[in-house]
């Protein structure tokens, strides 16, 4: 640890360099390997670089209509889930953070259950429920199941964020004539924005890569990108399909990440988290 | 919101009850979803493992499946491995995540941005891809071996198919969440608290031990609980990277459920897993609840 | 411009009263200062008037209308918070414009009013700054502008100048006073600084433990404190413990005539009412230190029994540390059990002061 | 959806391609008005989830949105058969039912329509083809002589390892496949028959890769071979051929089958949901799969072997493939045996690891 | 107890200088106050001395040892932060004891020293309280005790009394002064309050935009400001713009003799040097307002050209708002281009003041 920016201007950031190197080794190496596989046709031991590069698998992957369908479906689905989740969870989080009502703590904590019970035990029961409502293999069925999965994250993290918003700011806004709703919209929400964006990001990514619920409820009509990926990868001797698909997804992820970082700012990315 | 800060008068003002009904209204939808799609199935699962259909077809209360689990050395071995993996991963995650979070908290610049981006990026890698990448990287004759081989060094013993395989994978996978949450926790420690400590003569390490760590207690717990929840019933990474036996609860449950076709035992295992997760969850619950009481 | 009536208001937090049976009437355009030690309930009272806390008892009326249970947004009050409470996600302009936008004023008018409010607080060029880029003093001024721009009927200020430097403080204090008088806004002002209270207020309310000790115009508070607490709290005051017997104080240095019943008394005198002259008496006091404030010097005098007194002398006085001196009280108060028991000034002087107090 | 058969496959890409590129056009041509939708379920867990869903749908009498599984074990999910989840095949509802290879029958709820065998694949640069083991003792001797060069996968996670284990069971029981029948399972017999096999396998363990590691599936074994980590692994014939053709495995990969008793093969059977919206069409499809045309496609396109007896295959094909695909691939019954083997293996073989 | 030498220190933030080429020597046991408007670089300077910021240029020496690049924990300095910076996870005792524990003192000694430090700041019974249960003023005193208990050679105080009420402030101010003198700690003290600076300092450094305007003892600063900025910043000062021609000021009300070259000048006079008397002249000024401070009254006078002047009068003066008056300057300064150009006081008086300034 350094005492902050003070010691940065003269000394080189050796610690940063160390971290950068170690993380490059630990995090980036597997990524590079995957990236390389995506452009590889033959790569066998003991060659350090692939014996044969090629775009054959890109051609094969990108030429498949279902890949693109699945990608756009996934994006549509994930966006819907994230927005819905925000719409129903943020007010709830605000209520948990700022209001008193009977059973508040118990209700708040019960969201833990959605992450603590192994999923396979739940999904079948949920499928049974969905069947009665004709939600199987429909867009909204998948939305609903994934929505349930986002509840804990989308409530717990924003609760912390709302609790960190200075009450006086809200009071000042009411003093200026804003109704409670307007205060929430114009003051509380923007103040909590950094943490909430982190929660949104986690929700978005988590939902995007969710497979079990999407498969069980969505099959056969709703095939999301990761479900497709799983079927490409599982028991598939050619790892390149999976590699191609993930590399394809990294590029937008990375841009999104960098963009988010700029918008949200350093550190603020994760403020809150109940921590 | 003036009304919530005035507990002393809560009984006397009708608007308080109005406030609380608004609160209930706001949380109604998510709570309903939760109760309908999570809590209810969990209850029926738990009930299903206790009220079992006896040989004569009648339902009876039986804890036999639990008794079996806790007397079966093989099941216990799997549970033990899961606990071990979870503990090791938790410790490793904190040991790796904490320095990174500290670094990110106290510095800025290009290098910090790079470190942060790297630390967060695994979020965008699904575990199945990760499992393959790790086999190719640290697996036998993987990239690490290739690189060592090309500079004439002996191969390293690979963690693939040993208990360390899942550990590496899970640490990799959970690092972003850990770093994010720890950074969040650190942001509550003011610069001047650190500076004041250095002023009275504490070296950086001592500052960490005496000033930062005690204030991090909560966020460490929270981070650990979150990670533990994720790791305890992880499936893909332990399955692909881990040893055949003992296996972690995730693959074990799946195998019992799907391959052994034994839903009762599988549910029992799930309930036991749930119970262990709840124990960790309770730490989280307690720390959150304390926080919340302090703030209200 | 409004009339504020607070009647028997109390506020319980848990089991302890933050404000207890408080009553006050504030007339149209009046500026009342709340003074009191930390924790005496000043902020709580203000927050109840603003609608942020609900009184446990009593009523608050604005222009004869009972507002006790109205939410803040429906009260004609404007509050400047102790901790500025600026909205950090908006720039200065939008902070000030927020309330105007809520009122759906036309854009041009909003711009104009914000700019004049900014000019008023001396931040004309700052409208595009983010609030986090402002120094503490600038933030406080923005908070003030934010309230003023809405032209509230009642302005509530909770230590608005706490984080400012003395100059700015004095300047703003005068500006607030000018604005307040020009707009005729009824104003309640909480402060820690007695100077501020003395300089600003039409009347001062001295609070202690949630109750009022005295409500009076500044010069009355200064010259006729009704309790020892008020005497000590407003301005500098020297206290000497003694006893009276037969109408005479028994203190060796201050054998004053005090026409009250026998018993323990507390003599109180302002530094400017304490004169000192060199002396060789055995009981004489010693000069501990002299501090030069430019306009005057403050002399710390230690009595034989350890009591330290402050005397104000002219800046060209030749007194020096270590000198033996004899203090004398030109005018003084006598308190017994916190209540004023006697005052040395003749009644004539008192009347004269009252005539003077508001010019 | 109505008029479209929803078929799910958990098999590998080559099988899915066969269904999409060959079977679907042919079927739709033969049965105008019926469409077929092939959905890749990824793996068995994917199918299992849909089967659970269908069982739930059965209870609530709703549409499971699934008609047919390309390969599935109808014993899953438990209670499914009792509840009437699966269509019971018989000569009444399947035209060429009597053509089916008698060895292939497992349960009447699955319709065997293709088979494949397990071979040993090895790296010819490390093991000369003429030294390749042809008999079980040779194989075990070779494994022990070359520690760390052999690996097989967990028996429940893929047939290549599973059939290697079954070959060991055959070995321990006098190399007599007939000894095991679907209906002669008893716990005692299983203990008696399997225990010596566990001993054989435990014996091998120290000589396996990493002193006794087991991969998580067929593919992982092939990958280890491709990486040059091990020299020999058991593989599915169709999978290894595909791997070679796609360049995953080098041209120098050799294949060998044991001659004293071949490694077991396996038959894959279609299952049809009784509550599917297109049950009748699905049965037509199932029957269609037993036609000569489709059976021959299986032989020629994926290197599998037919579900019907070779007698019903055209002569020239039979002759052409006679060497490649011995007609005497032994099989091992499923049912309770399957569970006993998997569980027994996990409990007896896998934990015997004493690796450092 | 140490000698501090700051030589040509600068600090760049981005492209702007927070401190620019700053030099200062502080002798053993001296107490120097840094005064200056917000943003003038006072905190930055203090932080560089404490080791929390690294100077962009220049050197800092403590007892002749160059400490410019030493980390804070290796400097013999103790800092009290603007924002107390108490460790909220420790109680008061442990906050104070932390530094002693780092020095591995025996337990008994730690206890003893912490207790005496607490007694020093008047919090003897608070050692087991958590810091969050303290009021702002108490927190500040704990922060002070935390620094003092280590007996630093150099004590750095960054507006330690900003959040206190006036009484406490005055009391603590004197206590700090006493402690500082008793222990002989070399002290740098940043403050917003000139009163504080005048009351405390051996010398005052007036800063502006990162540079020094004047370094001198308080009475010199007050009575002989070297620049118009200092004159205006320390104490109250009236400024009148005018021109000199032939050694005489052309202002209608102040036709003073000013023996400098012709050109624009700024006349400056303290309120106490401005006397007013009723007048009927056409150019006469108007009394705008009178504020009674108890010890004196402050009269705001508006000149015909709008300039507002402040005059200090005795509390019993009978002047009233609205009266026409004529102001006169008893003593004054003349500035041109921010530099002192002339001073009305005779040189003799000057010498006398210097003799007086430290008693």
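Residue numbering begins at 1 within each chain, and the chains themselves are lettered A, B, C, D and E in the order written.
Here is the rule we use: a contact is a pair of C-beta atoms (placed from the backbone, for glycine too) under 8 Å apart; a residue touches a chain by one contact, two chains touch by 3 or more.
Note that this is a predicted model, so its numbers are computed, not measured.
S.K.: List every chain that touches both chain B and chain D.
M.R.: A
S.K.: Could you see whether A-D or B-E has the larger number of C-beta contact pairs?
M.R.: Contact tally favours A-D.
S.K.: Could you tell me the distance, in whole angstrom, between the mean C-alpha positions of chain C and chain E?
M.R.: That pair's centroid distance is 23 Å.
S.K.: In whole angstrom, how far does the Cα centroid of chain A sit from the Cα centroid of chain D?
M.R.: A distance of 37 Å separates the two centres.
S.K.: If you average the CA atoms of chain B and of chain E, how far apart do the two points sit, in angstrom?
M.R.: Result: the chain centres lie 55 Å from each other.
S.K.: For chain A and chain B, what's the span in angstrom between their mean Cα positions?
M.R.: Spacing between the chain centres: roughly 16 Å.
S.K.: Can you list the chain D residues in contact with two or more other chains?
M.R.: 223, 227-229
S.K.: Which residues does chain A have that touch at least 2 chains other than itself?
M.R.: Within chain A, residues 3, 45-46, 171, 180, 230, 233-234, 239 contact more than one other chain.
S.K.: Out of chain E, which residues touch more than one other chain, so two or more?
M.R.: As it turns out, chain E has residues touching two or more other chains at 52, 71-72.
S.K.: Taking the complex as given, what residues does chain A use to touch chain B?
M.R.: Contacts found on chain A: 1-5, 8, 13, 15-17, 19-20, 23-24, 26-31, 33-34, 37, 45-48, 88-89, 91-92, 94-96, 98-102, 104-105, 107-122, 125-126, 129, 144-145, 147-148, 151, 155-156, 163, 167, 170-171, 180, 195, 198, 202, 205, 209, 211, 226, 229-230, 233-234, 239, 242-243, 245-246, 249-250, 253-254, 257-258, 261, 266-275.
S.K.: Sort out for me which residues of chain A touch chain D in the complex.
M.R.: Per the stated touch rule, the residues are 41-42, 44-46, 52, 123-124, 127-128, 131-132, 134, 136-137, 212, 215-216, 219-221, 223, 227-228, 230-239.
S.K.: Under the touch definition given earlier, write down the residues of chain A that touch chain C in their complex.
M.R.: Spelled out, the residues of chain A in touch with chain C are 166, 168-169, 171-180, 182, 186-187, 190-191, 193.
S.K.: Name, in rising order, each residue of chain B that touches chain D in their complex.
M.R.: Against chain D, chain B makes touches at 74, 77, 135, 139-142, 158, 160-162, 239-246, 254-255, 257-263.
S.K.: Can you tell me which positions in chain B touch chain A when the two form their complex?
M.R.: Within the complex, chain B touches chain A at residues 1-2, 4, 7, 10, 16, 19-24, 26-27, 29-31, 33-34, 36-42, 44-45, 99-100, 102-109, 111-126, 128-130, 132-134, 136-138, 141-147, 149-150, 172, 175, 177, 179-185, 187-188, 191, 194-195, 198, 204, 207-208, 212, 218-219, 222-223, 229-230, 233, 249-250, 253-254, 257, 266-267, 270-271, 273-274, 277-278, 281, 284-285, 287-289, 291-292, 295-296.
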